[in-house]
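Chain naming follows the written order as A, B, C, D and E, and within any one chain the residues start at number 1.
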């Protein structure tokens, strides 16, 4: 119980005293998650639309496959990406190991099924008459796709929020690919894992609260955007 | 690259040769995830309905809070639960630490925001006229809630699938609360983490494939249920 | 610093805080930044095999020798040691206090007292398995009292504390654990000082012949520095709770 | 007769905009009430309040003599509403129709009852019972939704444009079904429709809403336009063909003139000059018999506006009125009511 | 005149059920076509095919003389369809109406054009432009959807029940707006409606669908019921009041009799006996003038069935027909067509 109490106080201390290690981790988390979520949304939302909107043979199978990939553990993603970008892997020359872009690749793989699956569900939930309406008003395929996403914007945002949360709270990929290197690839979550490993439980909780504060900021932004729309 | 190749072969070996350690982990994963997802759905779906359906002051704030809790890292959840159920914690006498029910508590905390948030989105996506229709046909509050969930069944299932995937792929809570104790609380994911830590990367990938096979089975079941409805 | 050196090391060197002292000093002297990833010994060696790091700081002598023999690494130098201790509840239900390591394990087995093993192929785990072997105790994998955690040292100690069990730990981590409990931990040292419980840490440079891209020159500089008087003194002076954690023993 | 609904001082607002303002409204048990009014006049809103789906912003609702604060479950179940463009549930037709009964756990002989309800709205159970909700045409869906209400044999049936997209033959069947409900089960009916001939056929009790207010006129003749001051404090509206309508009174700006069809007399000749008397030339476009009342609703197109007049069958006969005939419409300037 | 649409051998099926079966259909440019038929006869399906939203299961569609396999983007944009119960987009009224123009990147003077489109459907831009999609009544929403189509000034406008839930004054405005489209922009119009008097008013070209097939009769008089064999190979249908309708021909079982209103003669006296001639007593319920054609559609209720007759204004005058009058309807047994 004390951990929690000390953790709360510790969180305030870290944030208010501008602890440089903590701020470095926050900054890394921000850069990393922005990079990975941007890529994921750019690729995932169109794929989710295609999967949710069109009927094609094997659609159910693809859907089941995507849902299955939701269960990919982060460590496994870390291993898979590592196999490719390790120096002896096929992409070793790119020097992506222990870098933020490298971790972003893993987080992309992690978040993509979430975005695809939930966007597809969001699109399926839209009244099919809406799509017909868009077409009768002369929307091109692309315009109709964008507009029907706008019609289902709450559910699409939910997909994005879920994926973003997954990305900032994950530790397996960041640890495996990023290496938790101090000042460089240490994110809030890998810092938490480190502190917990050291037995510094209240520090772990304090950093956890810092992460939640970070997520709260992001969500408040999203929520105020939502309100405007 | 070899890791992946060896991993695939290893997965077949583990499954076909009925490796007892692997099957023990599969069985633990099954028991644990069934317990935690059941509790989560029982609590989370009604809460999600309330949050999605009713308008009340502070609704947006609650929604933002739930979305923020989506970002709770598993290690932090592990720490929080540990603080309560450790022998020196307030619930220490229940002896929940290093047991499956103990881990289930943590996974419940992990999955609950997912179910609540996505169910709320699903409910918000339903044409409000549907709820009115249910009421005009004489449905009680409870019946109308259940029926409107049925109307949004695709999105509600998506919430459940996402939460279940999160539960079976998480490692932080299982490690922290379960202790990854061989033959007892070792799940597929904690086994993966262990093998990876040992440097047995191909074994980690093999176990990852085992987990995916597990998830595929579950999703195929869900998908065939979906088809019937 | 424009140049940096990538090191893979075991969790104990990082968790105790030693590297937080060494890295700045090294950079100050050589203008080379030290970056490290703290993983299990097994994983550290695997990273080395894949040429993903430049240098290793690990503690599993047998595996290290194999690593060198297979040509993955060169220039192995011993750096420091600490020792392993067997810890357990103050009440010591199995009564092992003061015994030799082998006898203590035999006692634990006969009393079926809970023994918590890391079970993760780490240096500590390798040492533990060796001790069981020396005590001629086999087939304990499925015993009710033999708990395998597959986790890091501190978590394993915590599990042992929760279970009122015994475990084998390196002294550094135990001091850290003591510190976490403000010097009054539930588990205390019951067996120490046995010659068998010696824990050697070494540095290894990755073989540039196999891995042309590794920063072999920087790795050599690091090895040279850590085995130098300056490095060795830093290790000797590193203290937690006023206790020394590692004993420098680099051979000249 | 007992009142089933009594509404007092009902005001309903959507974000500051008042859409309903009814000081008193009584509906007797077993009565058939037609609710008419232009788009946006508050008809659907009133039905939602009567169905306890919405609470009025202000005012009190009495149901069956009892003040309703929170409608009880039984109260709610006694009243059913067919929403405007009612959606179907994502189930088969059969499940849609039986839904209400299942919720009531009243499943005795349910297959048979679903069959009969479908037949009541003119849908063949063999063809439609197993169809999915999206495998229906617009009118078919509308009728399934109606069947889902009729099967409940409720005390009060509120229907929001039940025949909007239904073909004429089916409309007839539906009208019959609705009457069956009143005659056999004694249901009270409130029906919103734009089909005025039907309204006149089914009931004498016509509630006419206009901008949220109950008015005493059937809004057959709503004379909107640019009313301008004229001699003697009168107002004038110029029609497209140059004729001038004259009204008395002092309306507020932007208000509309209403003219009760009963106040309009049809003549075949030009009457004497009288400044306060309108006498407008137009062509009869249609004539409809109003059920058994022996009255005929005559619609006349005068300068692009349609003005209706309610005349007796006898005068239709005497005047030899017929569609296409040019006639004069006479009504007093004071017959125009302003709202 | 040039054909804008030519359909050949169109068959459309939903999971094995044939809902449309048209061997040939031509629609000329600038024409106004009314599409009528009972619920489920395939009207909406046909409109979806004309709007290129759906591909017929079999058959070919020519648009503007060209065979359409995959409709080009331009082709699609030239045709707009108002869906039955058209949903609005989850945006403001203004954004709904301007959506099509924005998609065309044609945003010149857009505010003004939105205003005019709203006025065209009788909605005040000041009141409605900023409203959200759900802040509208049923009829208001319907009119916003229509405005969103009219603003595009398309070559072809397909309207699926544009006046279904619209009040009579607004219906008049909409009807005017639709004509403006034809007269000013030369648009081709296809209108689905159950409002038959309107149909007769607007066009001579009436396409009548019945169970997916084009038939040559306006389905005013669909005489469904239990037709039974009678003397001389004729068939008979007993009405509720005991009178008997007689038909000739050999229909398939379950088929319906159609009677063209033009084939029905109204008399005020009982004619001579003739076994092959029907002579049914009924009461006139309504009479409507058919635009400028000088004809009047007279509806007669005979034994619960409504039978329409199309007569000249002159004979209406001569016979002194008026609602409420009892008349005899004469038509040959062979005038009944079976489908």
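The working rule: contacts are C-beta pairs under 8 Å (C-beta built on N, C-alpha and C of every residue); 3 or more make two chains touch, one makes a residue touch a chain.
Please read all numbers here as calculations on a predicted model, not as lab measurements.
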What's the overlap between the neighbours of subunit C and those of subunit E?
A
What pair of chains is linked by the largest number of C-beta pairs in contact?
A-B
For subunit C paired with subunit D, centre-to-centre distance based on mean C-alpha positions, whole Å:
87
For subunit B and subunit C, let me know how many angstrom lie between their CA-based centres, rounded off.
35
Report, in whole Å, the distance between the mean C-alpha point of subunit A and the mean C-alpha point of subunit E.
54
So the centre of each chain is just the mean of its C-alpha atoms; given that, what is the distance between subunit A and subunit D in Å?
55
Return the residues of subunit D touching two or more other chains; collapse runs of consecutive numbers into ranges.
85
Give me the residue numbers in subunit A that touch at least two other chains, ranges are fine.
89, 127, 196
When you check subunit C against every other chain, which residues touch at least two of them?
155
Set of all touching chain pairs, with the criterion as stated earlier:
A-B, A-C, A-E, B-C, B-D, D-E
Could you pull out which subunit A residues touch subunit E in their complex?
127, 129-130, 132-140, 143, 147, 150-151
Would you pull the subunit E residues touching subunit D in the complex into a rising list?
14-15, 37-41, 43-44, 84-85, 135-140, 143, 160-161, 164-172, 194, 196-197, 222, 224, 283-289, 294, 296, 306, 313, 316-317, 320-325
Quick one: in the complex, what on subunit D touches subunit B?
48, 51, 53, 73, 76-77, 80-83, 85-87, 89-90, 99-100, 103-104, 145, 148-149, 152
In the complex, subunit A touches subunit B at residues 1-4, 7, 60, 63-65, 67-76, 78-80, 82-84, 89-90, 114, 117-118, 121-122, 124-127, 152, 154-155, 158, 161-162, 164-166, 168-172, 176, 188-189, 192-193, 196, 201, 204-205, 207-208, 211-212, 214-216, 219-220, 222-223, 227
Counting only contacts in the complex, subunit C reaches subunit B at residues 39-47, 119-122, 141-142, 147-151, 155, 159, 162-163
